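You will see subunit A twice below: alongside subunit B first, and alongside subunit C after that.
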Partner chain A sequence: MNEELRGTIKTGLIAGVVTLSLGMIGILVAFNKRFIVTDAVTLADLLLFGMAVIAGYLGASSLKEHSMGRRLLHGGLAGMLAAVPTFLLILLTLVWEGIRDSFINVEPALVSLLTLDNENVVVGGILLIVVFGVLGLVGVGYAQLPVRFRRPISMSLAWTIGSGVMSDILIGILRPRMSNDTLRSLFGSTGLQPVPFVVLFVLLTAVFFWWQQGGQTRYQTLRQNFTPRQQKSSRRVSISLLVIFLLILPSLLGVYLSEIFNEIGRFVLMGLGLNIAIGLAGLLDLGYVTNFAVGAYIMALLTSSSQFGPENPWSFWLAVPICVVAAMFTGFILALPVLKMRGDYLAIATLGFGEIIRVLARSDALKPVIGGAQGILQIPAAQIGGFMAQVMGYILNPINNLLSRFELGILATNSNGDIVFGNPPQLYYLFILASLLMLFISRRLNNSRTGRRWMAIREDEDVAAAMGINTTNAKVLAFTLSAASGGLAGAIFAAKLGSIFPSSFELLISINVLALIIVGGLGSIPGVIVGAFALVGIPQLLSEFAEFRLLLYGIALIGMMLVRPEGLWPSEVHRREIHSHGEDETAVPVSVKP
Partner chain B sequence: MPLLEVNDVHAYYGNIHALKGVSLTVEKGEIVTLIGGNGAGKTTTLRTITGLMKPRDGHVIFDNEDVSKYPAHAWVSRGIAMVPEGRGVFAKLSVEENLELGAFHRNDKENIKDDIEKSYEMFPRLGERRTQLAGTMSGGEQQMLAVTRALMSKPRLLLMDEPSMGLAPVLVDVIFEAIERINQEGMTVLLVEQNAHMALQIANRGYVLQTGQIVLTDKADVLQKDPTVQKAYLGIE
Partner chain C sequence: MRRFNYIDLVLWLFRIGIIGVVLWGMTGKFILGIGNDYTISDWLDFFVSGLSQGSLYALIALGYTMVYGVLFMINFAHGEFFMAGAMTSTVLVALPLENAGYVERFPWLSLLAIFLSAVLTSVLVAVLTERIAYRPLRNAPRLVPLITAIGASFFWQYYFRGLFGSSLLPFPEFPMFDGKIAFWGLDFQKADIAVILTSLVVMFGLQQFVQRTKTGRAIRAVAENKDAATLMGIDVNRTITITFIVGASMAGVAGVLYSIVFRQLNFVMGFIPGIKAFTAAVLGGIGSIPGAALGGLFLGIIEAIGPPLFLEGLGVAGSHQLKDVIAFTMLVLVLIFRPQGIIGERLAEKKA
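And then the complex of A and B:
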């Protein structure tokens, strides 16, 4: 057997095994309920048949210099082989009656999906192999296309499929602004209707193609020819547009999506904080949930009207600074004993600290103070009242009157003239305010002397000391500042939920925050936001994902390490580090006279 | 009054008595070298001088001040700079960023830029590679960077730990010529070396360290002719 054939068979079978696993763990069946194209293509179809196209593409692209016929042959073969493992599974269901006792996800729905709804499963399975072979040929065809076509097509395919998958959101946004009939003609219960799907795809392809064929350069030269004044004003316009967009976003999104944004905001806050410790100072802190818990519990203890709160509960605004300071104090206390530790040892010590806090919160010993497993209830929502609310009402109400014509709005006063941050669209403003504040602080820190100190410690602690950097102080400072953001997130979290329980402060939160920093790009501030959208936003949006959330985290992390180890939006230093190896390594002996 | 005076210093690694009463002096403007075999205590002596290790007994006096009580980072602002063994450049930072970090404790921003340019004049090789990551440069270039980075802190005393280690002979020449030139511009240097031949060529005086004790000290040219030094460290029978 020759080398290439073996490669193709391997590619096909790997794709097949992946397909088989997707089916056996239940992803295919779960995803089969979400249409991308209404009543035609589901997310499961996309995964299943996409695998065949990918197999064909890979099978063909491994042999570049061969004739078209050979490549089609290899691509088709790889595609067909990708269906073989699932075909074997179908055969197995015929001879093994009790297969579901051992493999609970091998249900009739999966079999009918894998046999293309054929009544005779063997015929259906063979049909699937044939279809996979054809799709493999499609993959070859795609590999055959010149790059200038391939790029726009894949971009617009991704966007169109994205719009199909996220059709819930689009429907939510468009419903108040469109007649029901128009909406029906665009979307089904889930997914895009076939005609709009095709139209959107063609349109987007044309746009991307135009952008690539000169639109981009034209746009760039236009920007370059701006006078400094024009540049300034264009910057000002884009910033004000962004601010307006951020302000009206919750009314655009509605309650459900605002809530998802708030979840993202909570993790952005924690991510920014942890990023100071891990990304900037290189201190692997696995107990970040501690700071979050301290912020939440202090907020609860200060503002709750239950027996755990004070006699005269504080206002949210007075309590927030205390929560932040308390979290910073915890960070400081944690920093002291672990200062001498490095790397893995530090990670384990902080991990332990996170667990201690959780156990303490749950413990009976502290039950009279912080409620034990029953938690603390009756935490009021944040609100602005009195004179302040009146002043803000004068500003906000006319804006709201104006915006209401477009079915939009911003924060508003209630019937009592107060501003309450109770429901998700209102809380959104709290999260966005806190996030912007922390973003600003992070940026300033990153570019400061302190930031450089952390950078040096991250690279080499001993040499940093030899440069005259007080490493002890810098590390304590990193832990302390890092904790602040977590405390803030916890404080808002407590006021948002109205009650807190120890179960909200699991180790998993620390892991989630760590994962989003890594996926976004270590040490990168925009990376935190991108990471939070990817790892918190997407699983929340697609409820099917929720069940497989941890699995997807794992896949995302492994995939990132293999494909983009520097993260989705890497920091400058990190990008250079990953991509500079191999260049200039063969330095010639110095011949320059000193 | 010498610039640096190490006075009967004893240091231990656990129970191991690594320095058994080391005393040495460095006068202003000198190059003094400390030579000795593996495990003689050369690096330990340097670590004690820079505060990375605390002496159990004895004193380190720099510019009339007992500095043994200060932590490592405080020495830089007092005027002691160190070129660590194995170069210790920040591998993931660029040449320029390394140099900027070398000037970390300084507050005169405008002069720092000039001094960076001066470093590039001293080693044009570094100037060509100012944006390159330090870790991707050759060993010789990294050593040049480590030397110039130490100078960025405007020290009055430069400590060097084995600058010739792991370098090709042609690069060792380049580095040693640079040390001589730095010294001619007024820098005081304490040079710890295994390559006794090179070190004694550029030094004014030398100390020979053996199992934690100074066994011999004299002018460098006298040491070069000393039969025991020749036999033990210069490979001359």
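And then the complex of A and C:
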């Protein structure tokens, strides 16, 4: 057997095993409920048949110089092989009656999906192999396209599929602003209708193609030719548009989506904090949840009206600074013992701290103080009352009256004249305020002398020390400041839920924050936001994803490190570093030498 | 010499604090008599169950220590190899065998099949992880493989949750591990004794393998110096894979032993034992095989007798819940004060 054929067979079978895994762990069946094109294509179809296209693409593009015929042959073969493991599974279900007792996700729905709804499963399985072979040829065809067509097509396909998947949200936003008939002609119960799908795809392809063929350069020259004054005013306009957009966003999104934004906000806050430790100073802290827990518990202990709170519960606004300071203090204390450790030992030690805190929080030993597994209840929502609320009411109410004509609005006073941050759209303002504050602080820190000190330590601690940087103090400062943001997130979280339980402070939170920083790009502030949207927002939006969230995090962590270690939105410094190394993409900011 | 600074002061206070807590707790226990009153045989019970728990940690720790020896990386996913073996052998071998009545009729044969399948699965998972998540990043900065290892850990947890579900699985009851056995007038759980003996045999076998065979020598050579090993004609990649295979086999064996003792399995079962086994490996001096064995036993015993010995004396409610706190505190203490481990191993010097 020659080398190339063996390679193709390997590619096909790997794709097949991945397809089989997708089926056996239940992803395919779960995703089969979400339509991308109404009543025609589901997310599961996309994954399943996408694997065949990818197998064909890889099978063909691994060949060096060959005729079209050979390429088609290899691509088709790889595609067909990608269906073989699932075909074996189908045969297995015929002989092994009780397979579901062992593999709980091998259910009839999976079999009918994998046999293309055929009555006779063997015929269906063979049909699947044929279809996969044809799709493998499609993959070859795609590989043959010149890059200038391939790019716009894949971009617009991604966007079209994305809008199909997210159609629930689009419907939610458009419903109050559109007649029912128009809406129904665009969307089905879930997914885009076929015609709009095709139209959107063609339109986007044209736009991306134009952008690539000259639009981009034309736009850039236009921007470059601005006079300094024009530049300034264009920036001012875009910033004020952004602020207005952020202010009216909750009324645009509605309650459910606002809640998702709040979750994203919570993780942006934590991400910004952890980014100081990991991204800037290169200290891999796996116990970040500790700071979050301290913030939340201090908030609960200060403001709760239950037996755990003080006799005269504090107001939210007074308690917030205490929570932040307490979290910083914890960060400071926990930093001291681990300062001499480097790299992976530090990671494990901080993980140990996180676990100790978790076990202590749920133990009976501390139950009289912090409530043990039953947690602390009756934490009031944050609110503004009295004179402040009156003043704000004078400003907010006219704006609301104006905006209500467009079915929009912003934060408003309630019937008592108070401003309460109780429901998700109201809490949104709290999260956005906190996030903007932390964004500002992070940005300033990034560009400060301290920030550069941290980066020097990140790159090489010994060299940094030799340059006269007090590494001990810089590291303590990094831990302390990074804790602040976590404490703030915890404080708002406690006021938002009204009750806290130890189960909210698992290691998973730390891992979650770590994953979003890495996916976004270590040390990059926009990266934190991108990462939070990708890793917190998407699983929240698509309930099917929620069950497989941690599986996807695992894949994301490994995949990012293998393919794009600098993250989705790398920081400027890091991007420069990578360019100075030429095409060397394996460079990663957290280089800790042994 | 460095000047004595505030960090050192804090560390000294930390040491004194921990010693103080332990002493105070023991005083409370023995002199003031706070907490339950235990007889000698109770203490022995704690000790033996700690020893059996500790041998499990030791078996898992061997995998950590061997991989650390050759790659200088914490294989965070090692606990998942242990889980994979235990879960797969239970679902695909043990439970079907029990339903068919084979466990009752041929207990030893069934047990052999369970061990074999567990080891095979663990090895498969380990080899896949090494190939996909670790090998391409061998020359990357140190933290990168740690991050992929964390990713791999979560991936496998939820992969197996997808395969076998998230409910607790029962492990079949084996007649020979049921009940107690008497030695010198004292009763011991048969399962505990079986675990201790099996792991002693396995660890002895491993030590012989590493010290006596050609492959063992290759592993030691790669741990010493990869470049020199390459020059000596050793296939480094192959040796690293073998190291993973050996470590994962130990984890597979530990998985079955764990199932025999606890008889309940779940997809998260590997996480906490994994971290504790890492603690054990560091405790004994990471990179050292006898060190991992000693560290595991030591950790198991401390965990078992710690709560009654010095936590009850402090008047702590529900002290047994704080078992994990003891283990994690040990972890942090060792990492801070003696990263080279109790025995102190040459590998640790390169890294600490």
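Assume the second predicted complex is superposed on the first by the 570 of 594 C-alpha atoms of A that agree within 3 Å, B and C clash if a C-alpha of one lies under 4 Å from a C-alpha of the other, contacts with A are read in each partner's own complex, and residues count from 1 in each chain.
We take it that a residue touches a chain if its C-beta (ideal position, glycine included) is under 8 Å from a C-beta of that chain, and two chains touch if they have at least 3 such contacts.
Small disclaimer: the values here were computed from a predicted structure and weren't measured.
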{"item": "Which of subunit B and subunit C A:463 touches, first, second, both or neither", "value": "first"}
{"item": "Dominant toucher of subunit A (residue count), subunit B or subunit C", "value": "C"}
{"item": "First, second, both or neither for A:471, with subunit B first and subunit C second", "value": "first"}
{"item": "First (subunit B), second (subunit C), both or neither touched by A:452", "value": "first"}
{"item": "Subunit B versus subunit C as contact partner of A:345, first or second or both or neither", "value": "second"}
{"item": "Touching partner for A:229 - first (subunit B), second (subunit C), both, neither", "value": "neither"}
{"item": "Contacts of A:573 with subunit B and subunit C, given as first, second, both or neither", "value": "first"}
{"item": "Partner chain in contact with A:405 - subunit B first, subunit C second, else both or neither", "value": "neither"}
{"item": "Overlap of the subunit B and subunit C footprints on subunit A, listed as residue numbers", "value": "472, 588, 590, 592, 594"}
{"item": "Residues of subunit A defined as touching subunit C within the complex", "value": "21, 24-27, 101-105, 282, 284, 286, 336-341, 343-345, 347-349, 351-353, 355-356, 359-360, 362-365, 367, 472, 511, 514-515, 518, 548, 550-551, 553-558, 561-562, 565, 586, 588, 590-594"}
{"item": "Touching residues (chain side subunit C, partner subunit A) in the complex", "value": "5, 7, 10-11, 14, 72-74, 91-92, 95-96, 132-133, 136-137, 139-144, 146-148, 150-159, 161-165, 275, 278-279, 282, 316-319, 321-322, 324-325, 328-329, 331-332, 335-336, 339, 350-351"}
{"item": "Subunit B residues touching subunit A - in the complex, by the definition given at the top", "value": "50, 52, 71-77, 81-82, 84, 88-94, 100-102, 104-105, 122-125, 129, 132-133, 136-138, 140-141, 149, 153, 168, 170-171, 174, 177-178, 181"}
{"item": "Subunit A residues touching subunit B - in the complex, by the definition given at the top", "value": "452-453, 455-456, 459-460, 462-472, 573, 576-577, 580-581, 583-585, 587-590, 592, 594"}
